[in-house]
Structure formats: structure tokens, C-alpha cells
Amino acid sequence: MELNGVPIDDTYAEAFPTWVSRVIITAVTEEWAYRSAVEAVGFATSAIGCPAEAGIDCFVSPDETPDGRPGYAILICASKKKLKEQLVERISECILTAPTTAAFDGLGDVIADVPEKIPVKLHFFGDGYEEKREVGGRTVWAIPIMEGEYIGEEEFGAVKGVAGGNFFVMGETQMSALMGAQAAVDAISGVCGVITPFPGGIVASGSKVGSKKYKFMPASTNEAYCPTLKGKVESSNVPDGVKAIYEIVIDGVDEDAVKLAMAEGIKAATKVPGVKFISAGNFGGSLGPFKFDLKDVLADEL
Amino acid sequence: MELNGVPIDDTYAEAFPTWVSRVIITAVTEEWAYRSAVEAVGFATSAIGCPAEAGIDCFVSPDETPDGRPGYAILICASKKKLKEQLVERISECILTAPTTAAFDGLGDVIADVPEKIPVKLHFFGDGYEEKREVGGRTVWAIPIMEGEYIGEEEFGAVKGVAGGNFFVMGETQMSALMGAQAAVDAISGVCGVITPFPGGIVASGSKVGSKKYKFMPASTNEAYCPTLKGKVESSNVPDGVKAIYEIVIDGVDEDAVKLAMAEGIKAATKVPGVKFISAGNFGGSLGPFKFDLKDVLADEL
Amino acid sequence: MELNGVPIDDTYAEAFPTWVSRVIITAVTEEWAYRSAVEAVGFATSAIGCPAEAGIDCFVSPDETPDGRPGYAILICASKKKLKEQLVERISECILTAPTTAAFDGLGDVIADVPEKIPVKLHFFGDGYEEKREVGGRTVWAIPIMEGEYIGEEEFGAVKGVAGGNFFVMGETQMSALMGAQAAVDAISGVCGVITPFPGGIVASGSKVGSKKYKFMPASTNEAYCPTLKGKVESSNVPDGVKAIYEIVIDGVDEDAVKLAMAEGIKAATKVPGVKFISAGNFGGSLGPFKFDLKDVLADEL
Amino acid sequence: MELNGVPIDDTYAEAFPTWVSRVIITAVTEEWAYRSAVEAVGFATSAIGCPAEAGIDCFVSPDETPDGRPGYAILICASKKKLKEQLVERISECILTAPTTAAFDGLGDVIADVPEKIPVKLHFFGDGYEEKREVGGRTVWAIPIMEGEYIGEEEFGAVKGVAGGNFFVMGETQMSALMGAQAAVDAISGVCGVITPFPGGIVASGSKVGSKKYKFMPASTNEAYCPTLKGKVESSNVPDGVKAIYEIVIDGVDEDAVKLAMAEGIKAATKVPGVKFISAGNFGGSLGPFKFDLKDVLADEL
């Protein structure tokens, strides 16, 4: 199986459930909405060491936001228990505090039915000076603050989505693999309802569960995918001629969104000179309930 | 007291101790170092709701980094107990995972004596395949990962620094105040050893300790500084003609750095048309051991 | 007539014909397409002193470009005679020379009928080593260069479009007007088939034809719209309470595109705090064949 | 001769005289200064097809600008005759028209003696409403415009500098060469008094004088440096294993600045994985009066 001349591994990505909320941050200009979004989705690459996984989903044009201002939609992904706390903290510390921003629930824009609503009672911050309003058909609270007023909804939809959709971009040189991964991230940024939570959207280090040598470690480097260890470890999965591998990890609101993101990302990566091989990561299928077979994902392209 | 025609309040900023580490992130290009830095300092505006306060200190040119590549220095600020955890998590989740990055201790570049060293044992991630190296006179670990190797130091300096240095930019219109605050943040970005941890460097919402109406709230809006409440609350601190107030909060490695940042920031803000008044926030002097009197801060300018 | 509480002047914008081409620049990543586009549309604010008017129209997703890579569409506007020269020079100096770029005709994507085709024979640069190919159904030339191959079409559509569509954003302070103008530019960037050719999309200085004092000057400042001259000149058009005015100038492929851009831009500007008045520039209707009455432009909003 | 394990060709770059001016653009924030600078240096890659060569030299901090605001210094390079016209047009169309900008002469900041001053009489634009002022010890004109006032100097230093300093970055893959070139451009951006005028600072296409096949062409592709023609042309200069070549072209105020830029750029490029060879371009020494021998340029590094 080849796409744009690049072999596609006959394998699948294994992914897991996560709870997901989607917040639309609007502001006076695109730039100010973006800055708040960047702060709100930081320190959120992997649920293993970060309090959540989060990222910018997409730009939302003024015609599509409740208050007619430009906005960015972000996804915040965590266990159901942690999601409420993360919504409260990230909205109150990174959006309420940001210049000119407002926050609205944006999950209903990307999925048909929103199964749950999480209350995020920021209005108590107003100490009684706050008041209810309506903006674009939404019930919001207006809270007096130093810059004027903060406007925000207080209920955010949540859905059981997908975490850990993924594929590997393997390159003839490290820079070929990196640019292939960058092209993939660019392409995925055009897909609604997904994020690539790692720095710049790209993972430079893979991991396996546990450690052979250091028993106290819950995870350690995945030596089978380390190009510098090819020939030094028993069974390496690094194809001949591959000098570097990057992983694109995708979280999304549902399987369809993740599947589309994988397809767009892989298609883009295979167009970059020096990309030699595409694969995906799984744990033998025993852990994750979601399986994204690359053959299926790319069915329309092949 | 006036600066560039703008009245400067006869008051002081009150600030608190915090522990601070400074990490230099290098990468193959400036852009990739920046992307990792942005992820590593996200969700870190205020220690109240975030696990740390963090921000980008400054660009570090290839001539000044241990590995001769371009870099960004970040500050991570937290209680001593939390700082180690935050260093470990932010380096392992946001730097180790980022394309082409390396991490080095950068505290010694901005203070004369580094009192403490915090161990950050990432090398166990290598599962025995890691090895010690020397880069630019530093002892580092090289850990095999999917992109090749991650290089990093494992001890990071820590110092008792200053959190909560601040000043207020008040404007004739909201946009005048916002651009004044932006000009301040721009100017402070040129000062070494400090960060402005809020979104885009600016705080749109101030707070007071506790709440008059909602007893369960640890903090609530500071109505005395809310322009929309002027005339509705008993004693407002919003000067006549001021429609919006932004606060610049500054964390730094020591008092001198914070003082210089305040001076540069205030100077820049007063040059922006429509900025009407500069003040600073304090709690009557009873809480914070550090006091930055605006008269002293601006002594060289007035 | 008011929009979002901001008075809209009962006047019209007067505009002129110009010839327009639209070039799609694709590259390995969005960033590299963008860099080439920025160079290609520089020094192109006004046909009075620049060799052309040019700007970035919009991002073009991989699914919409001939080669399946990400791209940016730019507009180049000039007299029919000058347009060919400007196409040749800007493509050969700013796109052919840029890393990984390809150039395709993009006019047919935004207008129904392309009346003219301008030949741009870059393939002679190949000195006989070039060859014809087909990419995405387009006939292109592949020219061997140092990085590998440059791919490009050699005929670019041209249409008689509109230059000088405009409106004025007037503010209570300079920064309010500036942010209002920025919000307008943000909104217009979402409209296809138009550009705002001035720096950052905004004009800080208006002009009148000729000069009263310096007879050799073809154009000079428009004192009737200078806030600092209100009270010093006989008839000022600066409304009371207005401290600054910015103009948004719009060039587009046809009247509908310019009209839509004006509507979106004005709507966005009126949402910015401190924007006091919206007007537009004309020369009494004697010069330009196109008239955009603000009442008509905003008919759907009012 | 090797640097960081990369062979350095035993050759030299040949360069030519050009006249150079340096303009400091200040604005209310860094961003607005940058936007004006980007417009002012656009369409300016090569004097062959563009009206000038131009680029951003460096950021200038508020402490170093005449008006205490943040700024960017740009270089404009052209023949002596064309330089005046280009200064006038680029300042009047791209700086005077830009929001909040001021323009100052910045050549004296990077060379000891400024041999010539070029008058740029923008103040006539004020139609008699303009007035002389002093800003930071400079005589400037304040011209009333729509946003308020434009402030600018009217004499700009000019010096006979160097155009066409250069080196080649050759890579094992195209992406390795491109990232090597990018790292070089990053490093050169830290050197004062130089620019890399091509898109993103990088040249993807080299040229030779004239054409073998098309006699009417003044320049055509340099087949000896085209990787896809290796084996098809008689004498290729593409080393074995090289798949792509990028050229970095440097213009500067004097030989020292260009030499330093070459050294910093080459040093940075050789640190990028997959960069295989560094060379430089010359015409046998018969044309350009300036010769930059790579051995000399890198003397401190080798």
C-alpha cells in the first residue's frame, strides 16, 4: 500500500476514550483571542504528566460566534472527574484574566448531540455585582472586572471522545521527517473537532508502558522505534533508511473526526520530500477500544 | 509626579517570595525552540489556580547557549515544594517531547549565586540506553528517542525570587489602556530575569482576597478598580476619565530585575496615546515582604 | 443610521477600475507559502508610489490547490499594461526564488468568467532543461533549480476589478480607532477575492489631489480629515469627540467582493469599544465609476 | 576543512558594491513597527528584477530609538541613483501610511562615518500644515495626517556597502538543506548591519549570466548546481549525496558585517542534521571587487 509513492504500513492506531469539552474564546481581534487560547491550552500534551490534554481546534469567524467577534475554539480533554476542574481553572485563569475575551460553549457546533453539560460557576467571582444577560441567544453572565466586563457562559458541553489517535512519520533524514510531521499538523489544523496536543502538534519521543531496567518508571523510551538503537536492540521497528520518526497524536470529539484528521495528515506528510514510511502505534489491540486501520483511514485516497 | 505627561500614583506594588528556576530550551531553529517554550509555560498565569506561574524570559542567541543553537529561556515559579514537580513535568512533557529540543539550566546567567540545585532525573526514561555526555562544558544525558536523541541537563538552579511585582495601566478608552499595557509588555520582554505570566502578559481582571457576598470564594473581583462600578460602589479607585484598567504582573529572579521591568514597562505605557494614569497594587503592606515604590522605581526617569 | 450603536455616515465610497490577477502560491508547509506571499505582495500599497497594489487574499487549503499542498492566494492589481510586468517580476523574483514554492493561476476560483489570460514565460529560465508536466489538471513547467525543481503555470487570468473601495474608522482615542481598524482588517481577511493593500491593511494618512501650497505636489494631506487641524482649517470633517481616523482601502476582483468586504469590515469595527463614527471617502462622484453607498453596503445589517 | 563535521569548500564568495541606507521605523508597539517594516522591504529580493534589495536588519529597543518607542531597522540597497527614489517611495508609501509609525536615519548606529546624506522631503505632503520639531536630538517634521501626526526625519545616510555576499547550504535531503538554510538565516538575524533579502532569507534558485539556448535571456538557471541535472550536464558541481542546495545572499553596510554574517550563518547551518557540504558562489573573481574566502570567514571557528 502506497500513497504518493510512500509505503503505508499495514497496521492500525489504537486509541482510548476521553471526555472532551470545546470552548470558543472570542476577543476584540483575532490576535487577542489567539493569545488567550494559547495560554489556555498550554502544559497539556499528555494526560500522563499534564493535568489535561488540550489544543486549539480551529479559528471561528465572527459570523459563527455568539457575539459576532473573531474567536478560536479549543478542546480540553480529561477524565470526566478532572474535566470540570480543568474547565474551571483554564477558563478562570487563562480566559477571564485575558484582555477583551469572552467564553462560550462550542461543542454543539461539531457534534449533533451533546450528552452532558458541565457547570462552571464563574459568576461568583463577581461578588454580587455580576448580572445575567443574553448574547447571541445564549444566557451569559457579565462580571465587572478591571478592563470593564467579562462575558461568559457557565455551562459547557462534554462528550466521550477519542484520545490517542496517531500515526508515525518516518524520514530519510531527521529534517525530512520533521517537515513531513509539520505538513501533517498544518493539514490537520483544517479539520474541525480535533487537536494535536503536543508541542507544535508533534511528538519527538515515543514511550512504552513500564521500563525493563528501572522498575519504578511507569513509562520509558520505546527502543524499538529509536533509530539510534537499530542494530543494538533485538527487534527494531525502524525501517532501513529511516533516520528519524515523529508521531502525530490526535484527540477528537468522535471517531469520524479523528479518522478524517489522520487521513488529511498522512496525505500531507507523504507529499514532503524525504518522507519514507508511514506507520501507526498500537498496543496489540488489547488496551484501546478504538482501532484506526490505516487501510480504512486512507480508503478514499488509495 | 508625571512621566511623559501621565500622572504616576504615589503608591507602591506589594510582592511576595516565590521559588524560581530558569530553563534554556534550544532547538534546530528559533521557531522550534519557541514552540516548545510556549507549551512549557502555558496554563501558568497565577499560582492561585494554575500549578505554577511561568513565562518566556528572553531569546538566547546561539553564542550564549551551551550547544550553540538558538534558544529561549523560560522561568518557572512556584513554592519550593511544587517547583521540583513542575520542573519535572514541564520538561518531560513539553520539552523532551518537542522536536529537536534540548534543555539546560539557565539561572546562573542572570544571578550571581545560585543557592540551590533541583535534580530532575529524566534519564531513567532512557531505560538503560541513555548515556552521559558533555555539551558546552555541561554534563548532560543523551536519551535515545524516536527522532534520534534528546539531550538535557538534570540539575536546575533555583532561587528565592519575587512574584507579583505589578503596576496598573489606566486608559481614556479600553483600547488605549490595552495598547498601553501591550507597549509595557513589549518593553519588559527586553529585561532579563523576569516574566509577565498572564495571557499576552496582561491581566484584565483584578481580584481582592475573599468575597463579601459569597463566603465560600477565596477571591473575587476588586470592585474598587472596576470602571463600570464607579458610582455604584462606596469608594472607587478608578480616576475620573478612566474607562479601563489593565494590570501587568511581573515575576522575577530578584528585586532588581522586577524593579527594572517595572520601570521599563511604565515608561513604555506612558508613551501610548490615551493612557491617563499609572498606579500599582498592594494590600496595605501587611502581606508582602517586597515593596516597589513607584517613586523609587522611576527615580531615573523623573 | 447606526450599527452596534455607532453612527454610520450617509455617504459613499468612490472607487476605480484596476486590472487584477490572482496567484496561488503553494509550498511544503503553510509557513513557507506564507513567506513567499509576504515578499511577493510587499512594496505595493498604492499605485501612486508603488509599482502595483498587492496583498494576500486568503489561505487556500490543500484540498483546493492544484498540487494538494497548502497555499496562499495573492492579488496583484495594476493598469493592464503594468500588470504583466508586475506578474513576471513578482513571480520570478519572489516565488520562483522562494523555498519549495509553486505558482498557479487562481482567478477562476473567485470569478465565474476569466476574460483575459496573461502569458508569463518563466520557463526560458530553464535554459532548455525545463519540461512540460501536468499537475492537478493544469499544464505546468518544471524548471530545474538549485533546490530541485520549480513548478509553475505560465498563464494567469486577469480581470477588470475594483480599486479603492474604502471606509473610515473614527475613534474616541487613537488606539480605539486603530483597534477598530484592526478588527475590520481581520474580518475582511475572511472574504475571498479582496485585499487591503496598506501596511497591516490600514491607512494612517489620507490624501487629497494636488496641494494648495506646494504646486509641484501631485497629492498632499487631506486637512479636512486631520484631527489635529480641527479648528485650524475652515471646514473640518472630523466629528466632535474624534481623535483619530484610519482608512481601510479595499481592492477586489469585482463589486460584489468589495461590497461584502466593506460590510464585514464595518460591522467588525463598530463592535470595538471607542469607535465613534464610520464614514467613507469619495471625490464628489466625478472620478470613480464605482460608488458604494454605506446604506446599501450595510442593508442586511441595519 | 570541516566545521561541525561538515566539509567546507575551499572557495570564496564574490560580491559587489551597492549603496545602502538604514531606516529605523518606530511605532506604538513592536508589532506595528514590524508590519510597516515588512511592507517597506517587500518586493526587494534582487536588483535584477526588483526596484531595490531590502530587508529587516534587526529589532531596535526603545532605549536605542530617538523617540523611545520600539523599532525595526531596515536596509534599502540600490544604485546611488535609484536609492533616493526607493527611499522616498518606500518611506512615503509604506511607513508614512502605516499606523503610528515614525522614521529615523539609522545608518550612524552601525558604521563609524556616514559619507553621504540623501534628502527625502516628505514634509511637502503636509501642504503647509507641517512643522519642525526635535525628537531625541533629531530634527524632524511633524505632518498632520488622519491618525494624528506623522513624525519623520528627512535626511538619510547612505554608504557604499556590499551586495551579494553568499554561501551555499547543501543537504542530504531537500528538507535538511532547507532547515540548514533556515538556521543560517536565524543566526544572521542577530548580526547588525546586514540583511538576507530573499523570501524568508533563502534563495531556492541560482542563476548564471546569460543563457546557452535562449539568447534573449539575461540570466538563466545555473545547471551546474542543479541536483536533478547531475549526470545530465557535462560538469556538475553538485557533490555526491547532495539532493538540494540553498543559497543565502547577504547585503551589508560593509565587508566586516557581511563576513561576520557569513561566519554565523555557516556555523549555524553546519549544526543541522543532514547538512552535507558548504560552498559559496563566485564568477571566477573577474566581476566583483569583494572576495570572501570561506577559510578567512571561518578562521575563528576552524
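Letters are used for the chains, namely A, B, C and D, taken in the order the chains are written, and counting of residues starts over at 1 for each.
Note that contacts are C-beta pairs under 8 Å (C-beta built on N, C-alpha and C of every residue); 3 or more make two chains touch, one makes a residue touch a chain.
Protein names from UniProt, one per chain: A, B, C, D = Formylmethanofuran--tetrahydromethanopterin formyltransferase.
These numbers were taken from a predicted model, which means no experiment stands behind them.
**Q** Hey, which pair has more contacts between C-betas, C-D or B-C?
**A** Result of the comparison of C-D and B-C: C-D.
**Q** Quick check: how many Å separate the C-alpha centres of subunit B and subunit D?
**A** Using C-alpha averages as centres, the distance is 34 Å.
**Q** Determine the centre-to-centre distance between subunit C and subunit D, using the mean Cα coordinates as centres, and give it in whole Å.
**A** 26
**Q** In angstrom, rounded to a whole number, how far apart do the mean CA points of subunit B and subunit C lie?
**A** 39
**Q** Residues of subunit C that contact two or more other chains, please.
**A** Residues 28, 148, 174-175, 178-179, 243-244, 272-273 of subunit C touch two or more partner chains.
**Q** Is the chain-to-chain touch network here best called a line, a ring, a star, complete, or other?
**A** Contact pattern: complete, every chain touching every other.
**Q** Once bound in the complex, which stretches of subunit D touch subunit B?
**A** My answer: residues 28-31, 61-62, 67-70, 148, 179, 182-183, 186-187, 190, 264, 267-268, 271-273.
**Q** Enumerate the contact residues on subunit C facing subunit B in the complex.
**A** 171-176, 178-180, 243-244, 272-274
**Q** Hey, which residues of subunit D end up touching subunit C in the complex?
**A** Residue positions touching the partner: 28, 32, 35-36, 38-46, 48-51, 88-90, 92-101, 124-129, 143-150, 168, 174-175, 177-178, 181, 198-200, 202-207, 211-214, 216-217, 219-223, 225-229, 232-233, 243-247.
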